[in-house]
Amino acid sequence: MYMNICRVLCRPKKYALLVALVMITVFTDVPASAEDQRTASNQLNGKLVVTGSSTVAPLIAEMGKQFESLHSNVRIDVQTGGSSRGIADARQGLADIGMVSRAMKDDERDLQAFPVAHDGVCIILHRENPVQALADEQIVAIYTGKVTNWKTAGGTDAPITVVNKADGRSTLEVFLQYFKLRASDVKAHVVIGDNEQGVKTVAGNRTAIGYVSIGTAEYDATHGAPIKLLPIGEVPASSESVRKGVFPLSRPLHLVTKTSPSGLAKSFIEYAQSKAVHDLIRQQYFVPLAD
Amino acid sequence: MLNTLEPHPGGWERLATTFVWSAAALVTATFCWLLGDIIWHGLSHISWAFLTTPPRNAGREGGIGPILVSTLLILGVCLGVAVPLGVGTAVLLAEFTTDTSLFGRLTRRSLDVLSGVPSIVFGLFGNAFFCKTLGLGFSILSGGLTLACMVLPILIRSTEEGFRTVPTGYRLSAAALGLSRTTTLLYLLLPAAVPGLLVGLVLGVGRAIAETAALIFTSGYVDRMPQSLLDSGRALSVHIFDLSMNVSGGDSHAYASALVLIFALLAINGATSWLTKHWLSRRIVTV
Amino acid sequence: MTSSDNNILSRWPTDRLLLWLLRGTAAIAGSIVLLIVLFLVLDALPALQHIGIARFFTDPSWHPAEHFYNLTPMLWGTLFATIGAVLVATPLGILSAVFCQYYAPPALGRLYRKLIELLAGIPSVVYGFWGLVVLVPLIGAIHPPGPSLLAGIVILTIMILPTIALMADASLASIPPQYLRGAAALGLPRWATIRGVVFPAAKSGLFTGVILGTGRAIGETMAILMVCGNVVQAPQGLFDPVRTLTANIALEMAYALGNHRAALFVSGLFLMGMIAALVGAADRISREKIYA
């Protein structure tokens, strides 16, 4: 070992830098700030920051890409984080446009809201559950814990697993509002977040009942997930019913701005509300605005 | 080294052997199940085009090219910041403070607390601090720095363990030879502590590359090819999360992306240990 | 190991420079946690003022929309899930390391280590996804509803196992070979050597691994959210669904406003408090047992 130390000492100092800070120096071209570029002019250019609901984000991101392909000097940056983040960021000016996946509330009247699409909420069961339809009162009884076995609801003898959404989610609000329930009335066995989680939970449990966004449920049901969509009242649960405006459980998807939009934000919102994006909206399994 | 020993025929010995092998078998089985599931669903979608083209139709079609680039950049920033900071702190804790000193204990405990901070809190913190207060916005830089905060405890604690295991004789002999502590550190202790650092790197890279919640709020969701470190860029794990939880019909590409992530990790781990060993072999002949 | 400032050997100017450099890095690393706490407190302040600490324990339930903010069921959820996972993962992880070092043929040991390294880097969302489509239906078939404390414990165990196993492996690998030769010379059988010589020599590394693993278990968010069922209740058994504090933040932050949002930051603070308490307790134990 002493030999070793001597050898080390005798050696010329060759410092091979291992630290990979190189990456930072490679990317040094800092773009001019978005503020400078956001000058209003007839030619659209600049950057638009859109933040908010994770439900709406994939849709707006696709719209943004199409918009970018029409206007080569425009960049649309879409960020997620939830509806409340869309509201907060639009209010504080951190984002040019916020995305909100629910109806606007009374204390949000200070913001300008622009609907871009609709989304329905429907009840789903496992495909092998013999129950074909449930009356509104039955659904209320199941969700409030008064009916706990499928036998009483017209099915086989098995305990019901109630799948509910987390507090504050807009699908929950739509659901509670239609069935005139309070959040604390619901006796859930499973609480979920996103729609896909709901579909997978019900698909993996033959005795479960849940509610999710119609677009998601329709897609998964037609692509092999063992779930089925229950009609509400007499109205079948489908995008078509939502588009016709006859399906009772639906929510609007909004873009919001702090002040009346102008320039780039204005033209993007107009584009997002135009017929040109209806195909895109259907591709993302939402329902376009009525003609 | 103990492999050369004949197991003693005693009952405890046999019981222990059974336990050790079955623990390993259990872990391997679980892992194979998990990995098999991912490979089964994902392998058929991986192609050169998938790795290089940008995503289309919210990720259901197209590939993950820009996302792969963003992920590597975020990881680069994270390690570029966390490794110097982490090694420096570990050296201070292991070599320049005693186990009982207040500063050392406070730092060590605060790092332990940091290691338990939930990733979503890191995300909200990174968003408030790096994106807003420091004005970096949604960017690869914000994401990398947030991740650096996250992997620091793992990196520091394992490097520190590496230093702890270096026999005191090394330090004493170096001191006896009149070496400066800087020299002792650079030529003797650091190379000897590399195995610990390596474990920290593997765990840290693993945690960083797998992180979702902290990145959604910092490096963001934009799936365009990043032009600079100040651009927002979607990380692979965020992409997987979005595809599996938010985009109906995204499952198959989510599996494929997860498989790519695992391959990337394998490559990075391999490169890390090769680089370190290469570097080690140049510095010091035997330990 | 040896103290610094008054060390007579520290007469080199580079040493002083180095020391200050290291102190700088340590100060930065140590202060991150303070920054995070500060940030949490700032955001939680409205809730602490309007609601008050006591109501987070005494309210009838957690229904922020109706202004009820009881966090205790979620404290239990976090606690049970973490303790369960650590209890299972610690022996599995340490035995895995023992397997790598002393039982497996070298090639198999290397392969096994690679496997655990990979396990460390699988995104939590993939674990969650797998748990949701494979594990949860499996548990549901045994005892409905399926999403449960048990599912959470299993997923958390898999997630923290690599941390414990790799830390343990590194500290076993660095045990001076003389110890093992000594044990061999005494004719000690394999397990007796491991229990009597290896574990005591490596305890600091083993302990650090468990602490880091526990931290990760407490802080895990995405995977636990997908498999635990997230019902706000104190679990009565392994098959009951639970909600952890982290899942609570992740589930509700997206739509939370005003007091609800602030209350979620309070749960973040609680979480930090729990971790600090745990670390404090571990510090105690380690000072008495490990580094003594």
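Each chain carries a letter (A, B and C) given by its place in the written order, and its residues are counted from 1.
The working rule: a contact is a pair of C-beta atoms (placed from the backbone, for glycine too) under 8 Å apart; a residue touches a chain by one contact, two chains touch by 3 or more.
On a predicted model such as this, the values are computed, not experimentally measured, just so you know.
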Most remote chain, CA-based centroid, reference being chain B: A
Interface with the most contact pairs, given as the two chains involved: B-C
Inter-centroid spacing, chain B versus chain A (mean Cα positions, whole Å): 30
Distance from chain C to chain B - Cα centre to Cα centre, in angstrom: 15
Multi-partner residues of chain C (at least 2 other chains): 250, 253
Where chain A touches two or more other chains, by residue: 54, 81, 193, 197
Set of chain B residues in contact with two or more other chains: 84, 244-245
For the chain C and chain A complex, residues of the former touching the latter: 61-66, 68, 132-133, 136-137, 140, 144-147, 225-226, 229-232, 241, 243, 250-257, 260-261
Touch list for chain C against partner chain B, complex: 1-4, 9-10, 12, 14-15, 18-19, 21-26, 28-30, 32-36, 39-40, 43, 91-92, 95-96, 98-99, 101-106, 112, 114-127, 129-130, 134, 158, 161-163, 165-167, 169-171, 173-177, 180, 184, 189-194, 204-205, 208, 211-212, 214-216, 218-222, 245-246, 249-250, 253, 268, 271-272, 275-276, 278-280, 282-283, 287, 291
In the complex with chain B, residue positions of chain A that touch it: 1-2, 4-5, 7-9, 14, 16, 18-21, 23-24, 27-31, 49, 54-55, 57-59, 61-62, 75, 77-81, 94, 193-197, 199, 215-216, 219-220, 223, 283-285
Interfacial residue positions of chain B with respect to chain A in the complex: 57-59, 73, 76-77, 79-80, 83-84, 132, 138, 169-170, 173-174, 177, 179, 183, 187-188, 216-217, 220-224, 227-232, 242, 244-249, 275, 279, 282-286
Chain C-touching residues of chain B, taken from the complex the two chains share: 1-5, 7-8, 10, 12-13, 16-17, 19-21, 23-24, 26-28, 30-31, 33-35, 37-38, 84-86, 88-89, 91-101, 103, 105-107, 109-122, 124-125, 128-129, 149, 152-154, 156-158, 161-162, 164-165, 167-168, 171, 175, 178, 180-182, 185, 195-196, 198-199, 202-203, 205-207, 209-213, 236-237, 240-241, 244-245, 254, 258, 261-262, 265-266, 269
